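Listed next: structures, encoded as structure tokens.
Shared chain: chain A. Partners: chain B in the first complex, chain C in the second.
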Partner chain A sequence: MQSLGDFKLPDFFNYPPYFTLQPVRETKEKQILMWKELILKYCKSQKIFIIGLEEEFPLFSNQKIQRSLNNEAREAFLSALVSEGRAEWIDRGHKRCLILWRSIQEWANYILDFVRENGLETDVMTIEDIRCGIETRGSDLERIDRGVLMQALKILEQKGKAAIIESSSADTGVKFAA
Partner chain B sequence: MRRKPGISGLKSAAAARDQFRAVGENVARVKADLMKEQLATFRSQLEDFARKHKNDIKKNPTFRSQFHEMCAKVGVDPLASNKGFWAELLGIGDFYYELGVQIVDICMLTRSDNGGLISLHNLRLLVCQKHKTGRESVTEDDCLRAISKLKILGSGFEVISVGKKKFVRSVPTELNKDHNEILELAQIQSYVTVEQVERKLSWSSGRATDALKTLLEEGLSMIDNGHVDGISRHWFPCVSTSSAVVEE
Partner chain C sequence: MNRQTWLTPANLTSSGRPSLLPDEIERRLLSSVDIDLESSSTPVLKSGLLSLTSHRLIWIDNKASSAFSIHLSSVVKVFPLKKNLFHSPRVTVQVSGGQRSSDVVAVIVIRGKNNDVDEFYGKLVKVWRERFWEITEERESARIDNGGGEGTSRPWAPPVVGVTGILRKEQETWENTDKSLQDSFQDLNALMSKAKEMVSLAERMRQTLLSGSNPQNTGNDEEMGSKQEMQDWLLSVGIASPVTRESAGALYHQQLSRELADFVRVPLESSGGMKNLIDIYCQYNRARGTELISPDDLLRACALWEKFDVPVMLRKFESGVMVIQSKTHSDDEVFSRISDLAVKTYALKKGISPSDAAITLEIAPALAKEQLLAAESKGILCRDISPEGFRFYINLFKDIDVQDMYRIQEHSQLHLWDSATSSMWQ
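Now for the complex of A and B:
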């Protein structure tokens, strides 16, 4: 089986017609389903948040069989994720896509669990601390997308589990509640 | 024998007929008895044989197919009923019953990949994957037997031959001769192009395009426009081995 780094690619990745958006409805639905799963799995394993439609992305082409997805196919697969709430278009032109391999709500729960397990309640952390700090190293919070993190923190704030401290001079901070 | 004239003549003729009939009936009865006896002996010996080799029949696929061959030659179908002494004796009915269920399962699972047409070879591989124990325990012959029993249900499972390969069809799509010829051609490279079909089968362009279009619409093929030469290729998942593996 072929692999990208430590990621094992599914068999269909080596089957050329999967790189052409299929004209027949049932076949296309199956094709989209398989690509959706692959994209989510890959982004989760590599902790990728943003896919640029016109940029290089390891899944968009397969050198071994010399096939690559055209823009129409890329947009079809990502749109399918967006319609399921597993992704969001960042721009109106549908050129950049945020992949939510965890939903915002799931991220909020993850953060809460992480804070509890590591005894970070009542601490004040900056956004940069969370994304690049020593406490979160090795966890899924390391290098988390800033937008995703902010949305998740807002959910926690609404539930009274965190307080976001905006500051004009320094990085935004957050204080978790016990 | 010439009939004598008069009443007595008629009577004696009737008596002779009766005697002949009696003798004839006797002979027939003796013959039937003998046959019955022979059949009983044969049956008991076949039973003895089956009992003795029960485990071989269950475990050894070669032995199993030879046993079936032997039964077929003497006109006994051990799978005809699940209630007969064969089933009780061997549990062989259950074996094919379960196999049949698994085959239906696999055909359903892979239908969206292959459009409801799966090669017997791939089907057997998938069945063996399900049988975690004993990878060699199910043969293509067993699969064919199980499928032939599925026909009773009117489930539309059918075995078709394309070239040298056998395929199991689980959708009611009728494949005509043109489709079969394309499938046979596709076995060489796993795909065909319109140009290949026209050249190798000496067809007109319209005939090739029409047949390929039908196969595409039936979900039996997938189109590939991604080759650098710009020529569209029609791929047939049912003849390729890589896409046969169902992801668990």
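Now for the complex of A and C:
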């Protein structure tokens, strides 16, 4: 069994046609499904939020069988995630993709649960505290993408569960409601 | 109606062309021809195709399912051509009824408008007078005469004296020239009939080879290979009497189509029921010798197959490649052979290329690629494009469970692939 870091790769990762975008509709749909699932699983396990199309991405090539996805295939698989709401293009040129292995709503719920479990209600935390602070170390919030975090906090704010405190001098802060 | 005495049933090939006798050559074809008896008002044979050959008049019904012939040797007399404004032109011939019955007078009514009646009549008379069917016998007897009479032909030559002598000398030179001229023409005739013999010899040898190779298949590969090669050579020797524009006229494409259907049967058998149109074009023209046809003629002949009940068809692949395939050739059979090939250990490891498939399927690589692409579109195979080339693998996508992508089901193709390849990643 092959692995990337601590991520266990499925056997079909060594199947050469997996790396060629298939032209036959039915086969292609299955292939896209498999890629979507693998990308989400991998990003979740490695806490990866951004995939750059033109950058090296470990999943998109397999040295063992000397195959790698071409740009067309990369974009096809990421676009499939985007159309399902599991990813977002960051730029217009579709070069960078934000992978939502948790949806924004799921992130909002996760933050809420985390705050409750750790008794952080009524505290004021900065965005940097959440991303790099001691409290969140070891949780999924550690090194969370800033954009994702902000969107999730906005959802909480709309529901009255948090208040975002904008400040011109310091980092943006957030106060969770009890 | 007492047909049998003067009309003989004739054989047709599977695609409706008359099967010719040894040495027989087709000279002219007419459409919409009736054959009547002068003594009776109802037509004996109605509205068919008439083929004039060097030996016979062959009438073929419109569906090309039955045929009757009159051997020209039984034609006693050809009456002058009758043409007038109110009737279709007709050619009347007196046919010997054999020893048991009296002669009959048969009328060939030529109703088709596209036919050149005068030319046909001219050809008929010419062919009938040539008595081509007797040439072989004549040649045989001529040889005996020459051999036996050599020493006794001129026992005493008169001396060359005076004016009479000179004249006689002149006369002799004349006769000699005439004789050598005749000889050379006879040589030409002999050559022509020799060519026919060669064709039939080739055909006979092929049959022998075919029957000889069946009982003992144990012969080594090299021997089989050379036999195969020999057969191919013999096959391409020729079509003895090709359909030509001259002989078939307006019926050219129709008859060409039937002749082609007969011709392709053997090449198709030896190449797995399918052959590239271009290969057929070359082979066909080679077999026709000097009577070459154009690619356009070939296409038109193939297109006409749809209208006839012939065992072959023209097929166009999505890529535009055209092939001739026999109707019994089934894609399913090819697909099952391809999937058998794709699950062999080396194919699981390295995939299959068009040339691998070409060897297994015994077809040309270009065709093999078409078949692989067809199998791909059926979901049997998947492609792999890499710097190493374009290869195909058995389709494993369908065996993978997205919900549980580490699972490998027992006895699935995925399992087969996994056990074949796992050693490669050690």
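Structural remarks
As a working rule, the second predicted complex is superposed on the first by the 178 of 178 C-alpha atoms of A that agree within 3 Å, B and C clash if a C-alpha of one lies under 4 Å from a C-alpha of the other, contacts with A are read in each partner's own complex, and residues count from 1 in each chain.
Note that a contact is a pair of C-beta atoms (placed from the backbone, for glycine too) under 8 Å apart; a residue touches a chain by one contact, two chains touch by 3 or more.
Predicted model, so just to flag it, every value in this text is computed and none were measured.
Aligning the two structures on chain A places chain B and chain C in a clash. When the shared chain is aligned, no partner comes close enough to touch A:A177: not chain B, not chain C.
Looking at the shared chain after the overlay, A:L4 reaches neither chain B nor chain C. Of the two partner chains placed by the overlay, chain B and chain C both lie in contact with A:N14. Partner contacting the larger number of chain A residues, of chain B and chain C: C. Legend: residue contacts after superposition of the two complexes on their common chain; A:A163 is shown touching neither chain B nor chain C. With both structures placed on the common chain, the touch criterion links A:L38 to chain C but leaves chain B unconnected.
In the superposed pair of complexes, A:I50 makes contact with neither chain B nor chain C.
Using the contact criterion defined above for the overlaid structures, shared-chain residue A:I90 touches neither chain B nor chain C, since it reaches no partner. Comparing the listed stretches 63-71, 81-89, 135-143 or 189-197 of chain B against chain C after superposition, the clashing one is 189-197.
Residues 10-12, 14-17, 19-20, 22-24, 26-27, 30-31, 66-67 of chain A lie in contact with chain B in one complex and with chain C in the other.
By the touch criterion stated above, chain A contacts chain C in their complex at residues 2, 8, 10-12, 14-17, 19-20, 22-24, 26-27, 30-31, 33-34, 37-38, 64, 66-67. Against chain A, in their complex, chain B makes its touches with residues 112-113, 115, 191, 216-217, 219, 222-228, 233, 235, 237, 240, 242-243, 245, 247.
Remark: chain C residues 351, 376-377, 379, 382-387, 391, 393, 395-398, 400, 402, 405-406, 408, 414, 417-418, 421, 424-425 touch chain A in the complex.
Partner chain B is touched in their complex by these residues of chain A: 10-12, 14-20, 22-24, 26-27, 30-31, 66-68.
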